[in-house]
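What follows is chain A paired twice: with chain B in the first complex and chain C in the second.
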Partner chain A sequence: MSAATTDPAGVNGPAGPAPVVIHRQRFRGLRESLGRFSTRTDGLVGLGILLVFAVLAIAPALFVGPLETVVTATGGVLEPPSMAHVFGTDEMGRDMLNLTVHGARISMIIGLLATVITVAVGALVGIVAGYSGGRLDNALMRVTDFFLVLPTFVLAIILAPILLDIIGPEAELFGIRATLLVIVLVIGLTSWATTARVIRSQVLSIKERMFVDRARVIGSGSGRIMRVHILPNVVNLIIAQAVLTFAFAVFVETTLAFIGLGDPFAPSWGQVLNAAQSAGAPGLGAWWYIVPPAACVVLVVLAFTLLGNALDDILNPKSGSRR
Partner chain B sequence: MSARYLVRKLLGACLTILAIVILNFFLFRMMPGSPERVLMRSPVITAEAKAAARARWGLDKPLIPDQLVAYVESTFTGDLGYSFKFRGKPVTDVLLGRLWPTVILIGLAEFFAIIFGLLLGAYAGWRRGSKLDKAGNGFGLVLYSMPYFVIGMPLIIIFAAGLGWFPTSGASTAGATFESGLAQLLDFGRHLALPLITVTLGLIGGYSILMRSSIIETRAEDYITTARAKGLTDGRVMRHHAFPNALLPMVTLIAINLGYVVGGAITAEVVFNWPGIGTLTVDALSARDYPLLQGVFLLLSVCVVLANLVADLIYGFLDPRVHA
Partner chain C sequence: MSELDIRSNRKWPMPKQAVPGAPLLEVEDLSVRFAMRNGSVKAVDGVSFRLNDGEALGIAGESGCGKTTTALSLVRLLPANGRIRSGSVKLFGIDLVPKTEKQLARYRWREISMVFQGAMNALNPVQRVGDQIAEPIEVRLGASRAASQKRAAELLDLVGIPKQRAMAYPHQLSGGMRQRAMIAMALACDPAIVIGDEPTTALDVMVQAQILQLLEQLRRDLGLSLILITHDLSVIAETCDRVMVMYAGRVAEEGPARRVFTAPRHPYTRKLLLAFPNIHADRRTLDVIPGQPPDLRNPPPGCRFAPRCAEAMDVCREVVPPEVRFADGVRVACHLFPVSDAVAGEVPA
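What follows is the complex of A and B.
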């Protein structure tokens, strides 16, 4: 079940004969999961697409040079694809290939940060509610159900400008501008509820297992039990949930940026499409302005969904979508 | 369906709506800037005038419970405040004026998406593993991964800008006069076509994927084996035994989904400049028209709560096992 989460590479123990046996057992679950994963074509295709985009996101400048701005634009206005500009140019003469590749970095970073917040909040609420039970569980699940019912996307639209007004558009954190930060926060705050529900239901069955009772008997506190005994047993689930959340986060980020909540100075794919819409590209038939970023969004969301479904089938004991 | 189930669901829906209204109240109060600060800026305003203004707006009373109660009361009587962007027009009027285009667009799109999505999913799932299944499921997954505007923009490029079959935006030809009601209706239809196709395609993806897994589960049931053993043809087993039973879970899923569609389809309206709630939301957003935004949020959240309630009631009605 728990796929070697506490000591992944066996770094803590010098390998005497006894630890080797333990490690072998510990890795058996992981190896079985990997074996099952390697037969899932959809999951492998998803993983392949994501690896390509990950490379683009890590080092965009390596492939297309620094992000072009209005000042450093290299082409004419709305040029169709040519040898000089394989994907054409936008209404300010910027190279579309350059914008699309750099968009990968921005879209993926926002998606990653939003996923981390979503899954962290969801896992925390799910574990605490599931393990504590009683009134606390009841109260937390009320709040979770409320957030499940709220139309996430519409709440995000309202929260984003309010948060932006509160923290100010000039603020920065780790070099990330406020506008992007707000999108990350908004996605995180509005979409943790599903994760919380999924994790809680798993925790409910884990806390009845013998090892939790043993830990309690030898005097471990609730906090320690949740951290050391419950968390490693839901890590599988958290991983599958994180991948699915990532797809959702990229989808929401693209949509929020498209309706004008993005940052023009850090153009994600949604932001590029927003610029295309403002420039009237669809009506002008400037397909090269729309197809590259749109295709990237679809590919990344599709890849995360394929990978997430495959992982969910393998790692989630309660997954209903057995194929 | 027991009376207790009904009452519990109704009560739950009412409480959720109340919670949404209260959330709306606090969202409003979180925002920087208040009428008071605007008044402070003016040097000619006397302390008495300030106090009078505060009393008139009810700002002299404590936030909780007085202001909160007043807010909840006025919300439930249909007073959602006044729009900034539309020069002080009541938010309720602004919302009502934009409701019909959205209702027509979403309603028709749901209608077509349910028919095509369910059929596609059912046939793909019934012939699981076949070429048709692989193509249908792939098609569904790709559509499912596309935001509405990503579907809409290529449609404009191909069918409006390229072929010129349909107009690129709006709900009617600007400045046109029509000889008859029919001509006007045709004009409306031509404007409606592309947004309708966009939202329909966006919905088909989700519906076909869900229907596919539903029919795959149904196919493994014993009564399907029984039906086959009776010597019924494949098509008959599918149409009379598998399809209706696989439809059961879909009914609730579709009902729940209905509540979310309006919020989700905002970008489809924006791409085509369709004069509904979606474009209104984005206009309100760019003008930072908070009262209007809050009105939109309230309207769409209540839609979701009502859709959930309907789903629960249908489920209780269709599935006799639900008594809890």
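What follows is the complex of A and C.
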């Protein structure tokens, strides 16, 4: 602590206990957490990878120019990596680096949005159901069960055309094409139930702990108890679920695109893989068509896992030694 | 401090409905039942006692005799299947039993607060201790965050924890410090009564002594009244003015601690004291009380201690013994002491 720097030349006298300023201590707690994070190599690596992909996703054109189309393609058919095209080209002569970098935006947006929806809905339903118990719990869990058994792909195949018909394929929301929103919605709809179940089961055990009773006698309302006492105790579960969901969402998006339910105008990594498959890239030995998008999927999922692990350790005051 | 001083020194005005001159706490004929699948358990059956301002009452008895249930029912913190069936709990003459949850909330923590059994479980493991102590101040008294934090730091100081430790998480504190933090939390809203539910269990003897000393000191300084629930008679002997010995949901004997410990009347109290090591007596082995407490779903019809009592008579197995009050302030529920004795005021040596 920098007690000496805040008290130049010992104006307040050297003796006596330092005055306690709770607010400064509060920030000290935050600084402490950040300090702990900076010692976690895995967390930093994960954060680094995600930052790189985030920058690519935010401004892909800055690095590789606008998205190439058949018209603006610059290379020959299925060229292997060369100085001109570091990742080679696809069957229409488009630069693979260009496609992969532009794919980051779609895949990351879908992954993040789906994760936020899933974890928010899942945590809310899980905590409320688990804490309230009784009829509300029963009702919420029956709904959850319904969504738990919904098959993702069947739902996607049915929902995608219906929703597209309703909102129109050209509609945009915050600059995201409707097709992508449908994919996000489908992933969110089918995966929040697992999160809700997992969190509810943990809440069931936490709400029996005495500190919840204590909070109730003290006078905290249900809302406060859920927010202040239950939620922080399931944060590690939420983070774990978020990491899993993000990986799952990227995979589902990839798969949906692969079976042709993606948005052909939005080159996600799955879309590129789909194109590679239909172009017969594996048979032709065009590995450069498959490896870049696939490696990106793996890297992003790995980065999320690393970051999630590190955050879990830091946010859980019990794990690891402090100081 | 005398009673009047304590009431005039209160931080908060007396509750509006308070009856002037009424005792601090008067529990009359309290009965609590637990609904079970196979019948109901009469966990507390006709318990009466009284607590004066600044007084410390110890409730003793073996596990399952209803001491915790009695205390929890004062603030109605019973498990979901527990119900107060009859009786009254009068705080300043205000009966709390017919109050709704919402009406009761006004008295919880501000008038009656608790130090829970097992501090580790009663503290949220992922919340800083200071925040937890500040919680009742924020929620109950509507103080601002900064003000309640400041008060929490003062409270920590009061119970002998350095203020800086407000930033610690429960697992970073020792068992004794956690218990001190729980006491600080109980004092947060300047209550009139603090209930200590086995506050020193699971602490080593040195820490136990420190905690008891702290409670004693706080009681003197703040004019608190204490209800101490414990199965450790030495704790009561050390800290309490009065003691209430419970057996199977009923009061066996109640009176000034000094009288009850030196001249126990009820056979159960006598047995209980004999089962306790005494450094003055030359005894190698401790007495045990044979048998087990009765099944409270189906208690024996007369005196509940009769099946285990060496002095049981025929009448004990059929008639519930009435409470007999003696001149020295002790009341006993035992057929060995007929009602006529009480009037005579006979005081055994």
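Rule of thumb we're sticking to: the second predicted complex is superposed on the first by the 189 of 323 C-alpha atoms of A that agree within 3 Å, B and C clash if a C-alpha of one lies under 4 Å from a C-alpha of the other, contacts with A are read in each partner's own complex, and residues count from 1 in each chain.
The rule is simple: a residue touches a chain if its C-beta (ideal position, glycine included) is under 8 Å from a C-beta of that chain, and two chains touch if they have at least 3 such contacts.
For clarity, every value in this text was computed on a predicted model and none was experimentally measured.
Student: Between chain B (first) and chain C (second), which does A:37 come into contact with in this model arrangement: first, second, both, or neither?
Tutor: Once the two structures are laid over each other on A, A:37 reaches no partner at all.
Student: Regarding the shared-chain residue A:210, is it in contact with chain B (first), chain C (second), both, or neither?
Tutor: second
Student: Applying the touch criterion given at the start, work out whether A:218 contacts chain B, chain C, both or neither, answering first, second, both or neither.
Tutor: second
Student: So, A:228: does it touch chain B (first), chain C (second), both, or neither?
Tutor: Second partner only, chain C.
Student: Specify the partner with more touching residues on chain A, choosing between chain B and chain C.
Tutor: For chain A, the partner with the higher number of touched residues is B.
Student: Under the contact rule defined above, give the chain A residues that sit at the interface with chain B and also at the interface with chain C.
Tutor: none
Student: Using the touch definition up top, name the residues of chain A that touch chain C in the complex.
Tutor: 20, 22-23, 25, 28-29, 209-211, 213-220, 224, 228-229, 232-233, 235, 316-318, 322
Student: Using the touch definition up top, name the residues of chain C that touch chain A in the complex.
Tutor: These residues of chain C touch chain A: 75, 77, 105, 108-109, 114, 116-118, 121-128, 130, 132, 135-136, 139-140, 146, 149-150, 153, 163-164, 166-167, 169, 171-172, 185.
Student: Could you please specify the touching residues of chain B with respect to chain A in the complex?
Tutor: Checking each residue of chain B against chain A gives 16, 19-20, 27, 30-33, 141-142, 144-147, 149-150, 152-154, 156-157, 160-162, 168-169, 213, 216, 259-260, 263-264, 266-267, 270-271, 281-282, 285-286, 288, 290, 293-294, 296-297, 300-301, 303-305, 308.
Student: Spell out the part of chain A that touches chain B in their complex, as residue ranges.
Tutor: Contacts found on chain A: 146, 149-151, 153-155, 157-159, 161-162, 165-166, 247, 251, 254-255, 258-261, 273, 276-277, 281-287, 290-291, 294, 297-298, 301-302, 305-306, 320-321, 323.
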